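Chain lettering (A, B, C and D) follows the sequence in which the chains are written, and residue indices restart at 1 in each chain.
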Amino acid sequence: MLNLKIVKEKMNEFPSYLKSWVKTFTGSLTIFCLLILFVMPFLSANQSFTHVFLRQFSLAMIFAIFAASWDLLTGISGQISFGHAIFFGISGYICAYLIKYQSFPIWISIIISTVVAVFFGLAIGFPLLRLKGPYLALGTLAMSLILLKLFLMGSLADWLFGSEGISALPGLAATPVIEYFILFIFMILTFVILIQISKSKFGTILKSIRDDEVGSDASGINTTKYKIYAFMLSSFFAGLAGGFYALYIGAVNPTGNFGTVLSFFAILMASLGGLATISGAALGAFFFIFLEYALIEIGVVEIGNLAIDFGLYKFAIFAVILIVIIRFAEHGILKPLLERLKDLWDLLLGR
Amino acid sequence: MEKLAKRIIAIVIIAGLGVGGGLGAWFLFLAPGAGEYSWSSKDCPGAPSGISSDQIIKFGITGDVGEITGDGAWEGCYLAAKEINEAGGIKINDTTYYIGVTREDSDEANPNLVTSRGIAAAERLVYNKKVQFGIGGFRSEALLAYQEVFMDNEIIFINTGAATDVFCENVRSWYTRYKYFWRSMPINSSSLGEQIFNYLFRLIYVLNATYSGEIANVGIIYEDLTWTEDLVTGIEYYFGPYGPLPAYRNMLTANIPYDVTLTAADMLTHVNTLMAADCDIVIPIISAQGGLMLMQHYATLQPNFLVVGIDVQSQLDTFWTQTNGDCIYEIQMQSIHVTNKTPTTIPFWNAFRAEWGHDPLYTASGSYDALNFIVWAINETQSLQAYPTLTQKMETATKANILANPELFPSSVGGLGAYWPTTHDLVAGYPFGFTLFCQWQANATKVIMPSYNSVYIDSQLSNIGTLILPPWLITDWTT
Amino acid sequence: MIVDIMNMLFNGTLTGAVYALIAMGYSLVYGVGGIMNLSHGAYFMLTGYLLLWMLQTPFFIGLEWLTVVFALIIITVIGGLTFLLLVKPLQDSHVAVVIVTFGLAFLLEQVVLISPSGTEVWSIGQLRLFQGYTMVFGYPIVHQYVFLIVMSIVIVLLFALFINKSKLGKSIRAVSQDREAAGLMGINASRILLYTVMISALLAGLAAFLYLPGASLDGPSMGWGYLLNSFAVVILGGMGSLIGSVAGAFIVGYTISFTNVFVPYGPSWAHLVPIIIIIVILLIRPQGLFGKKELR
Amino acid sequence: MGVILEVKNLTKKFGGLTAVNDFSFEIKRGEFIGLIGPNGAGKTTVFNLISGFEKPSSGRIRFNGIDITGMKPYKIVNLGIARTFQLVRSFKYLSLLDNITVSCLSKRGKEVSKKTGTDNYASSILASVGLIDKARIPPIILPHGDLRKLQIGKAVGTNPELLLLDEPFSGLSFEEQLGITDLIKKLHADGVTIFITGHVLRELMTLVPRVIAMHQGKFIADGPPVQVANNKIVLEAYLGRGVKIA
């Protein structure tokens, strides 16, 4: 699948490739965003900034990785998953268990838990991939609910830690700024890898399976094999995000790590940004996290006698925004946004 | 010409976007970053206007906004702060301080818990609002995650809702880190178990004496979650074949753990199972909607058993309307009711009702006590330093010290406040942390049951009523 | 023993009757339009709260039956609006429909949650039409639930009659079999779908009216549990198959009650069983027990 | 000129309906052969059985001496049988080039494309089907005729020895049909064995030297087109029983 020679060639032309990419509109916009993200932690040393605001960025980055992994599986490969929290949660639990009860170092725990998530991807993908479309969606949803309920049971608490899970884990890093940069690097890595995959021949095959599985089969592609690859790759990054999330929180518990709501977070973020774009997942995640942040920040607004507590109504407001966005921008907000911006930019330059 | 116009429009739009984006960025980055939360009189209920931020002792309350337990914690703290501020605040080294209270939504009562929201709430309190003390917490798994933020910053945090033992075990096992953690409500789940056993043993004894040994079987029905585990193990032990009290051995005939997502039809099945197992007393250990369903079917089917146990929803005064009166005859544990658990309990109860228009939930009395306890320690030490000054002062509130000199310690509404110095947990047992057993009786009245001196000394408490058995039960037991 | 068996049978029938009503509409919408309506559970929940709110309003004192009429009308209209405003424009995209209906369900849940009675559990026992119970073989049969079961059977039969005999029913069947062909026959498929979604919402509302007065409002998130078990029912019976969803509902009902009664520690596993059913059925017979065609 | 495909006693039942009934034939390497029969005769089912999209109820299919009965479709493709579908199928959000690229990434496709590079190979195929100027656009906006060409291109991408073309002319205008015919002829000239179905006799008659006729799942005739066209049973099958041919 991977041809070393081609990779070498690509590496050789990398600088020029990069140069031409930077010159494109999306390229320069991406660089601009990355630069902003890079300088962000240096803007203020205020605790309120580093420990509250930056941490929201870190959270958004974790969810960006998670949502991008979902986008690879569903947006690119067309395998609808409603149970992505399986990998997220399993990895978080393994990571927490290894650190807390086996005293493994943090990074080794993350690596092991991610690998375990991949095995789960294999184990769950293998039987479930016979299903198509909404059936697969329900199958994965059911799988995640089974895990959730098993982990929740008080009578199994001796084995699965019960509803209270594992707590008092060390943080990912000593300060939020270091944590921010670790996640920043991993987010960039994830996105570079996932975008490259989606653009590669391998990605083309995955997309062909999404568009027409029978046709792909007729083109001599072993679709099952590629779907399992997609499942494993996706669960790898979901697992990575899950491990980071466990350490970000410092604890794991069934609802918080296996909950259906997390699977839906991934779906919402990825589809807000735009399905099959990968980078849309990042936009969706940041939008999602900061909308909530902003609504809490706005707090109570009094208009005449009417007091609207945006903090309290945040989920209702969020639901409305979600419905409106999906209703009027079915393909997410990233692509249309970029196109409009590009049009404006071209106009500005007089093109 | 047209091109130029378009270009101008584009410039305007991009400028507009830039300004809009800039404003948004300013709002998001700078507003919370540069200007921290500014405390003022509006955060200090009952305080005079125009006090400066330095004069405020800042309390942060975590909990679910718009949900009964979280609102309870807030309401209790608010009332305590208001009373102190209206009384003129507190003086530390001749400076007058007022109590400021603020809350953040940790969303912890959400069935779809998102742990990061609790963390974010705690971080906002600690880093943005710079609170000096924390109060609140209700859902164990959420609190387990976000308590770390307070511990990291060496801020005293008093839990007022989560009963799990693990929190205070932390204090014992890792004192250097968790010494800032305290619990003011409820008593831990092991002690809860102890109290319910004491009461049940006595109740069964009394009933058997009255109805010539009719009580032969008990059943339990509980949420299959971690918090019920110890209680259930206790019940299985005491009423099982190897119990220490021969009279109560082999009484347990039904043992029903259920998944919290049960429906009313499932509950109907369970009630029938309990009836088929010939239970005479059923012990629910329920925090969620199961209690309502249980009592609904109880009212319809009029089964030959009495319900005695834990039903968190039933602690609320609104439970009667919620169940349409179906909760009648249910006996359940609750931390606080209109009785003189301590001299301040009834005044607190009345003040709370006057302020908020409904009865206080256990998180309300717990947070009221928590705030008063901290303020007492501040007053006594004339210091705001969490460790060692305040912590060590608070640790003097031991059982022995309070019993010896009760007047030296702050009054508490939930029972005499005493905190085991090694675990910072509430001392269980009369007259410290103990629970009341209350029965719903006709006309939406909730009556405190005599505990036959098993949990509390009945003669010492006011408003103790009498146990009323359902008529069908009396018929069954007397014939 | 006989009591245990009665317990299992009666509760299984009861659960089955409720799920039959809820799942039938859900399955119908999927079968006719390929729409996976995640707000279906929320309709059920919302009807309950609509009833509660109206019962709490002084205006309706003495007019309790009117609340039912209003609640059913409102929920039917909400169902219709869901289709017209949200589902219809997005029909081509599976994921978009799923997300938008999820968003709606979430919104309804939140709206109920921030309403004054949203955070607590409630009984709407005032609407119970039958009180008391009768002992049969030492087992108490609750009259209200008998009423529910009978009504459920009647509604299912009427519904089957409606689908098979009425003009609208025939159009619905035509659209579900072949949308394009139905279009050629002059049937406005989109209008038929609208009716289907409204009917499904009405069925969910009816289920709520029949079941909740004898049960309880378990909080705004209660719709999800019913939605999930409807999945199990529909997967078991085959998507789009009405007989299948009725049969599936009773199978799920009996499985749950069997686990509740006869399996040690069963009650904590009872709601895992439908999910395990989903997985097993999906793996061995993806078209369901009664479904004919596998939907793409 | 060995036998490339050997079908023996092939039977396929759907429930009570027998779509293909005891069907046997052979195709020699390099042949250009047609399968004719009226609508519903079971032609597409035969193709589905050969290409593995359906499993036969009984009977054997051998390709180059290898038993491929019941093999998975992609494995059959990787042995050298490619097919097109009667209803056009395409990867609708991929560019035409990528549509072809997918085939070029199959096992046999890779063997060829290794030398020239996948992109070059895919472009050359796209050029050969005459769609190179539309390489970057997705197929959703293509006219029907181009979609048929794309189909053939996708099949060719897998570097087949035997190409099964299911109704390649249906729904096309006369000019479009000519284009496709040229394409198929060219492929045949390149040494690909071609097996083609059609329900309109006239289309195939001029194209292929040999046809097999089937009706209601049964084999009825085999031979040069003219001979088959005059076969009484074939005519009856097409025109209905009892019709006299003057």
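What we mean here is this: a contact is a pair of C-beta atoms (placed from the backbone, for glycine too) under 8 Å apart; a residue touches a chain by one contact, two chains touch by 3 or more.
If you're wondering where the values come from, they're calculated on a predicted model, not measured in any experiment.
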Chains in contact with chain C and also with chain D, listed by label, are A
A-B versus B-C: which interface comes out with more C-beta contact pairs? A-B
Mean-CA-position distance for chain C and chain B (Å): 36
Distance from the CA centroid of chain B to that of chain D, rounded to the nearest Å? 74
Could you give the separation in Å between the centres of chain A and chain D, each centre being the mean of its C-alpha atoms? 43
Of all residues in chain A, the ones touching two or more other chains: 149, 153-155, 260, 312
Taking each residue of chain C in turn, which ones touch at least two of the other chains? 113-114, 265, 268, 271-272
A full list of chain pairs that touch reads A-B, A-C, A-D, B-C
If you look only at chain A, which of its residues touch chain D in the complex? 201, 204-205, 207-208, 210-212, 214-223, 276
Chain B residues touching chain A in their complex are 3, 6-7, 9-11, 13-14, 17, 27-29, 31-34, 36-37, 65-66, 105, 111-116, 119-120, 123-124, 126-128, 140-142, 144-145, 148, 164, 166, 170, 223-229, 232, 257, 259-260
Under the touch definition given earlier, write down the residues of chain D that touch chain A in their complex. 51, 53, 72-75, 77-78, 82-83, 85, 89-94, 98-99, 101-103, 105-109, 118, 154-155, 157-158
What part of chain C is in contact with chain B in the complex they form? 3-4, 7-8, 11, 14-15, 18, 113-114, 118-123, 125-126, 131-133, 139-140, 142, 144-145, 211, 214-216, 218-219, 221-222, 225-226, 256-257, 260-261, 265, 267-272
Given the complex, residues on chain A that touch chain C span 74, 80, 127-128, 130-135, 137-139, 141-143, 145-146, 149-150, 153-155, 260, 264, 267-268, 271, 275, 312-313, 315-316, 319-320, 322-323, 326-327, 330
